[in-house]
Amino acid sequence: MELLYASCVGLLVSCGVFLILRARTFTVVLGLTMLSYAVNLFLFSSGRLSLNQAAVLGYSSEYADPLPQALVLTAIVIGFAMTAFVVILAIRGRSDLGSDHVDGKLPDTNKKVNA
Amino acid sequence: MIEWIISILLLIGGSFVLVGSIGLVKMPDFYMRLHGPTKATTLGMASLLTAAMIFFSTTQTGLSVKEILISLFLLLTAPVSAYMMIKSAIHHKLDSIERTKGKDNIEDDV
Amino acid sequence: MIQNLTFLPVLLPMLAGIILLMPPLGSKITRRRITSVVFSAITFLASVALLLKVQADGMQVYAIGDWSAPFGIVLVADPLSTLLVCLTTLLGFACTLYASAGDDEKGSFFHPLVHFLILGVNGAFLTGDVFNLFVFFEVLLIASYSLLMHGGDKKNTRAALHYVILNLVGSAVFLIALGVLYGVLGTLNMADMAQKVALLQGDDVYLAKIGGLLLLVVFALKGALLPLHLWLPNTYSTAMPVVAALFAIMTKVGVYSMMRVYTLIFGDEAGELSHMAQNWLWWLALATIALGVMGVLASKDLRKLTANLVIVSVGTLVALVAVQSIEASSAAIYYLVHSTLVTAALFILADLIGRQRGNVVDSIIAGPPVSQPRLLGLCFLIAGIAVIGMPPLSGFIGKVWLLKATLNAEYTIVFWLLYLLASLAIMVGVTKAGSTIFWHHQDKVTEVFEQTRVHPAQLVALLILVSSAPLMTIFSGPLSEYALGAAIQLHDFNNNINVILSGGK
Amino acid sequence: MRLEAKFKWLPTPLRSLLLFIVWLLLNNSLSAGHIVLAVILAIVIPLATSLFRTKQPLILKPGLALRHLMLVLYDIITANVQVAILILGPNKNLNPGFVKVPLDLTHSLPITILASTVSLTPGTVSAEVYPWGESLTEGEEPEERFLLIHVLNLEDEQALINTIKQRYEAPLKEIFQC
Amino acid sequence: MLETVILIVFAIIGLSLLLNVWRLLIGPSVPDRILALDTMYINTIALIILYGMSLGTELYFEAALLIAMLGFVSTVAVCKYLLRGDIIE
Amino acid sequence: MTLLWIPLLSLLGSIISSMTGKLTRNQATSLTMLMPIIALCMTISLAPAVFSGDVIRDTFSWVPLLGIDIAFRLDGLALLFVFMILGIGILVIFYARYYLSSNDSMPKLYAYLMLFMTAMLGLVMSNNIIQLWFFWELTSISSFLLISYWWHKPEARKGAIMSLTVTGGGGLALLAGLLLLGNIVGSYNLDIILASKEIIQAHDLYEVTLILILLGAFTKSAQFPFHFWLPHAMAAPTPVSAYLHSATMVKAGIFLLARFYPALAGTDIWFVIVSLTGLVTLLFGAYVALFKHDLKGLLAYSTISHLGLITLLFGLDTKLAAVAAIFHIINHATFKASLFMATGIIDHETGTRDMRKINGMWRFMPYTATLAMVAAASMAGVPLLNGFLSKEMFFAETLHQQLLGSMSWLIPVFATIAGALAVAYSARFIHDVFFNGDPIDLPKQPSEPPRYMRVPIEILVALCLVVGIFPNFIVNDILKAASFAVLGGYVPEFEVALWHGFNLPLLMSGVAVAGGLLLYSQRRHLFQFQESLPTLDAKIVFDGSIDAITKWCQVKVNAIENGSLQRYLMLIFVVVLLFAGWPLFEMNQLGGQKQLTPIDVHNAMGAALLMVGAISTVIWYSHRVVSLLMLSVVGLMVSVAFTRFSAPDLALTQLTVEVVTIILLMLALFFLPQHSPKESSSLRVIRDVGISAALGIVVASICYALITRPLESISDFFLANAKTGGGGTNVVNVILVDFRGFDTLGEICVLGIAALGIYKLLVNLPLLMPTSDSEGRPWAKERYPILLASISQSLLPLALMVSFYIFLRGHNLPGGGFIAGLVTAVAFILQYIAHGSDWISERLTINYRKIIASGIAIALFTGVGSWFFDRPFMTTWFDYFDIPFIGEIELASALVFDLGVYITVVGATLMILASLGRLTVNAQEEEVNV
């Protein structure tokens, strides 16, 4: 199970990073979202995996580590705020720069801007 | 006895859910695919949720009927979801299979 | 109230931010300005009061929610963090004042955002909890994203996009680092982490090392250490100068965090992990200085030049952090204050100069003469001398000190050579810029533009920042004693741990 | 047809009742505290959201409404079995089609209820309500409306239209008195 | 017996989910994929309810409820996007 | 009386003179001269003590930590320099009064001059080597200001930058050297350093230290090859040149040699470096001086040459050479200052400095000519003048050295050649300017200058004569005292006299004079030869190298900071890979000892769905809507995973956030292109795949390593205290609102600020709104589908109720303010989707900004509330109350805090969406409820 979990996290990281490395704001945002899933899962797992041990007192005899859960919760909220901002910034960028290309200059191979 | 009821409800529910999904995969065009999930799945869910309701009401300390809420929700929203989806399919002029009747009843939405 | 003094540098900016969003004080621009400036002044005074208290009574530990470390979040006010809080709030005061001359109206929510930024920076300086540090990083980042776009143009948008995206990746790395560290150490309080790191065994050591090094990536990104510095020149030079001036403190947050993490958690007592980042920091710092200097020489306008000076100052600071001795840390503390104020002053000067030169703005080319050459020239002279590190201004003390402090480091010769060459290059760059801007005038002025003059509010802000250079020289005696005290405290592992974990007793 | 409720403080009595029940359902509790809270919420929430409610006909025959609901539920269950069979059977036996059902209903709430009913009962999915709101001027109710439905297996178009109109539309007209 | 039944139904729901994913992957049109995703949301509700039953806890009920609510909203949003481009106009 | 007053008075003079703008020129000049005159009187009063061998000291503490004190010290050497600095300074100020035209700002020049004087005084009187460096650099800065006095002239700007660069660079080397020196000795105190010759010279770092210090000295005193800045510094007004390049600035380097002579000299390396540098400079300067057509150019190179001479003397390993060096310092100062001033008069009167134009000045200004000729003769080393005496001593000392072993005779030969060159250029100065026919094309008609402009020259020339004829009478005391200081105690017997009898030095002088005159008479051939040589203009080379370096930096920096976000990101990822990957290889075993959980079918299937979703997102990334749908599969599976692994709160949060994010992305998609063109080259794709795969593997490995190890954490405390200390059974929620409520406070700030920032971004944003979708379909006609519109109205109360339910239970069961807030927000978003923002804004006239602020305020004040109970911020309170009929209820301050969270979340989310919605609806309208 642990191996599977770790593989999932790794795969999400890979996909996120790959998307982030594309040169368009939207894909970057997708990548960031994916990366934040991975990160949240990772941070969550720092309290180790436990089945059916939700940290609600009285519901089980042993409890999962509640602290990483709280941390991930905070991280999710902050990540949400950041994603919202970057999405709007991407819109702003499209409107200011005429394209959603994030690199300094357009690559030569792509003369026509996808506008 | 209650266990039996729960089990049967669960199996019925599961079957309907599965049928919905089979319809989703099996049907030849979008409009036909829509039928399965909209109806069969919704009903299957209602059945499953009823099973859960009975299960929790009998095994836990007290009556537990809040699963009704989910059923209510699904019943309320499933038609609207379907309606929105079919609207967008019509908007996208998705092909229906050839033998579909009454295609001319569709008005151009632009 | 007095026992809550430690909390005020965090509370007041948040309060200011809230009040500035609400009627009646937030509804009219004049009221907003007055409220904002008054609040930043109060915040500064509260910080100074805290500094005096720390001087008098020693380190202050404030357990939020009455949950003591390591379980709750504690704020730790020691000489270093309070000094930086004072620096931040002073800068905040100068910037709100400066912007009140009109810059604040070039977009919405300038004043609340500045206060939120101060909140983030102060929080990051004061917190003793590593996840809370993350939260405050995010507070200051999100405020900085918005401020970056204040009154921005298209160039600005691209820089902002880059800055935001890079920092989002940085935040992801931060979280992974925190995950690793929590997963190994089972705690978040820095002092407690330090204690636990010392006890690590087996492969756990390497996991902790990964966590520590990933933190380094984050701090290097925030602090603009090579090769993660690339965002800075464009970001700072396209931001509105008053914002850039305020940002002068932000790179220091990264440096400060390095100081904390690599002297407390991975410091002398960390066993196998002690000083694990030292080599990285040292060489990266040197490379940062080199690249920053190249940027200084390559800069085509004053803001870009100043932005590159920020990079050089980061490199210098990190080199000092890498030495990890009390002397180097004290030099770093002095130099940090000096470089922050001076680069902030230069950003503001670049703005004022640019406003008086028409279309040429602050480009380092011949242009129309500024309308107030004496005032601006003198201020530029002072800031320039200070930033070059020549006597008689604060830069020279920093320079002497840091050279002295690195005297017995490994590879001193490389650092000295590089640093001295860098100083020379900066001297050439700044001198050329100054002489071109103030002395090299266009033969005939074709363009007609409105001759603006420095607004009184701008003037006061400018003078506050510029006067820091002579003041830091005159009072370098007591300041250096303070910096030394702060450095000693920073390096006093056992005392830090004991005081923080016992709730300030 | 009536658009305004009798009591200003209880603009939608049935909805309030629903909310009252829902609260108790959610908390699985009939304790005094929850009942008090449920009453408060059942009154406060509709008032608070009343701005977000366009005027719609009220249910004037609750008994009939309940009976109709039962009928629909029954139809859902029985007819679903048919759909399951249709789905599982060979595709070639299916004769899909689009049917335009003329409506007597004009208000959007009853139309919505009708369309939903149609969608949930076997073999049909509501697709469009013609004409669209956009082709009408502000506040105008159209002369005649149609419901476009997709039928999974269309055998007799007119029979289907009749079923829908009689079995589902007529009771609605009765319930809303419109 | 109930445990076995729950396991069986788990498998059924799992199979349904796989079918949904299959449709999601092959499309061919965007509405098809939306439909598949919408169905997936609903099947996930089933999954969570079954999970709660197998553990004998109702702690996960709210998750199911929220999926029901939010799945609807996101389906509607995507459809609105396809229809009008601007979902809040 | 303290020594501090001497530089302080001159500093005061600088300040005073800068404020004399409103006074007449005479008043300004007198006022400016007043301070140095007082200082001079003070110095004179101190002189007897110094002559008697005392060293006067004065110390104040400044930065004790760094060993930097304000420490002054007046010994013979310092006294000599103070006299020169003040004396010539006063004369220069007086001279400048007549030199400056009415366009030139007098207060500025005076202020700079006095500042420079301060720096020089401080430098020569320093008793702390860091302070010495302090003043050293001040001389660089103030000379920069002086040279650039006429900043509108490009040559002034360039000359100033060049001099600052060279001397500043040398200053940096000097600093390094001094710091090393201080480190060797263990003190920056000059007294101690001067007494530590043995320690210093035995130290490993002696050579480095010496070279660094000499670098400072040589750059400042324009020794070859650092001499090139000096001629370009001639762009300064002549009084400045007279001051800086005769007596002060360039002598600072010489002063440094003299100052550290007791500590650093005496080794072979010292002698070799110093003497050879001096010799080369001496010859080179003298040679070039001969060919300069510019009067000041000639003087500049002559200065270089004389500085070389003095340096050479310090490099000769005899004590008398040092005495001769000091003597020549005095003499050079007097004749060169007067020559500069005379040149200034000529320049002033003729409007040019070109010797090819200036001819026959004897006729126009005989008196000035006489003075200039006397001074020039002294420069040439003609008997009866002071220049002769020191040159004689110099010749004598070149004969006494053994530097080059058997080839040591070369040095006197070169010295004689240099002497001849000096005679030649002096002769040229005299003949070409004052005789040699008629002037050519002079811009002005020359005549004698104002009477008083000559006074300073008269004084200096008189000194040349008096010293030259009665050396013992005038300079003996000061020379002795200075030598005493330089030689560190013992001064050999010497006699400065006009006549030593016929001896070798006299012969050398004779040869020099004869050779010089011969050279001058044959100058035409020499000039021709010189012109055939390629010219090397230092300015062009210097500017060229600076430009080349700048260009190079620009090219490199642009190549590195190429504006490519992908590159910047790539760097981060590579660094992460390196930092996170490396320690993995150091580990012995990746997995830990924890009991592993077996894989069950559900988990495997969930993982499979998650992976399929993730990979599909990547595969379809160019088809954005599809990609987004795939991404929501991942989001859904993540929340299922949270459910599975006992984190119901996380699951709820993830779900709600997920939906809002998807909606935001949908919104964004409308304004962004619908497709991402695949534009990366295959190579880049391969590279990116490699990097991302590697990163994935590394993170996965770390994750695996972590979760297979047992963990001891502080969480037991939270589990144990949640109910008793925090009043709730949902431990995660108690952590969020109590144990770590401060994080939550920060988190809602982030959310609020983000909303403000988004609003800010969208103000006045011109938008590209597509009228059709990516395949060219126009948008559907129906804006608000009827079914959706009416169902959403019914759902709103239901959703609000659910959100209230989730909010209320949060403390004890999964839920809480944040999730409830998002549910509320989603319910409203649905209204936005179903009805549009116009419809909403007609109904909802709430200012979201205020909502956010009140939300944060509620949370903040809940925290502050605990102050009234004398508890730290955010100390929570809760209690249970038994209310009749209703039963026991719990009241907790955490609930109020959570309410703040709820309100902030609702406000922020709606503000974001309302801002976006407003864009398309009412681009013109200014303020819409936000």
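Order of writing sets the labels: A, B, C, D, E and F. Residues in every chain begin at 1.
Keep this in mind: a contact is a pair of C-beta atoms (placed from the backbone, for glycine too) under 8 Å apart; a residue touches a chain by one contact, two chains touch by 3 or more.
Note that the coordinates shown come from a computational prediction; the quantities given were computed from them, not determined experimentally.
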| item | value |
| --- | --- |
| Contacts common to subunit A and subunit D (chain labels) | F |
| Subunit E reached from subunit C - shortest hop count over touching chains | 2 |
| Farthest chain (mean CA position) relative to subunit E | F |
| Inter-chain centre distance, subunit C versus subunit F - centres from mean C-alpha coordinates, in Å | 16 |
| Subunit A and subunit F, separation of their C-alpha mean positions in angstrom | 40 |
| Gap in Å, rounded to a whole number, between the CA centres of subunit F and subunit D | 75 |
| Rounded Å distance between subunit C and subunit D, as computed from the means of their C-alpha atoms | 62 |
| Subunit A residues counted as touching two or more neighbouring chains | 20, 25, 28, 38, 40, 42, 45-48, 52, 54, 56, 67, 71, 74, 78-79, 81-82, 85, 89-90, 92, 102, 104 |
| Multi-chain contact residues (two or more partners), subunit D | 22, 26-27, 112, 115-116, 126, 132 |
| Numbers and ranges of subunit F residues touching at least 2 other chains | 563, 565, 569, 573, 628, 644, 648, 667, 669, 699, 706-707, 711, 713-715, 718, 739-740, 743, 747, 750, 753-754, 757, 761, 779-783, 785, 787-788, 791, 794-795, 798, 802, 813-814, 916 |
| Chain contact graph, described as a line, ring, star, complete graph or other shape | other |
| Chain pairs that touch, as defined at the top of this document | A-C, A-E, A-F, B-D, B-E, B-F, C-F, D-F, E-F |
| In the complex, subunit B residues that touch subunit D | 15-16, 19-20, 22-23, 26-29, 31-32, 34-36, 38-40, 42-43, 62-66, 68-69, 75-76, 78-80, 82-83, 86-87, 90, 96-97, 99-103, 105-107, 109 |
| Parts of subunit A lying in touch with subunit E, wherever the complex brings them together | 52, 54, 56, 59 |
| Residues of subunit F defined as touching subunit A within the complex | 562-566, 569-570, 573, 594, 596-600, 603-604, 607, 610-611, 614-615, 617-618, 621, 624, 627-628, 631, 634-635, 638, 641-642, 644-650, 653-654, 657, 660-661, 664-665, 667-669, 671-673, 675-677, 679-681, 688-689, 691-693, 695-701, 703-704, 706-708, 711, 713-715, 718-719, 722-723, 729-732, 735-736, 739-740, 743-744, 747-748, 750-751, 753-755, 757-758, 761-762, 765-768, 812-814, 818, 908, 912, 915-916 |
| Sites on subunit A touched by subunit F in the complex | 1-30, 33-34, 37-38, 40-42, 44-58, 63-67, 69-74, 76-85, 87-92, 94-95, 99-100, 102-105, 107, 109-110, 114-115 |
| Subunit F to subunit B touching residues, read off their complex | 777-782, 785, 787-788, 791, 794-795, 798 |
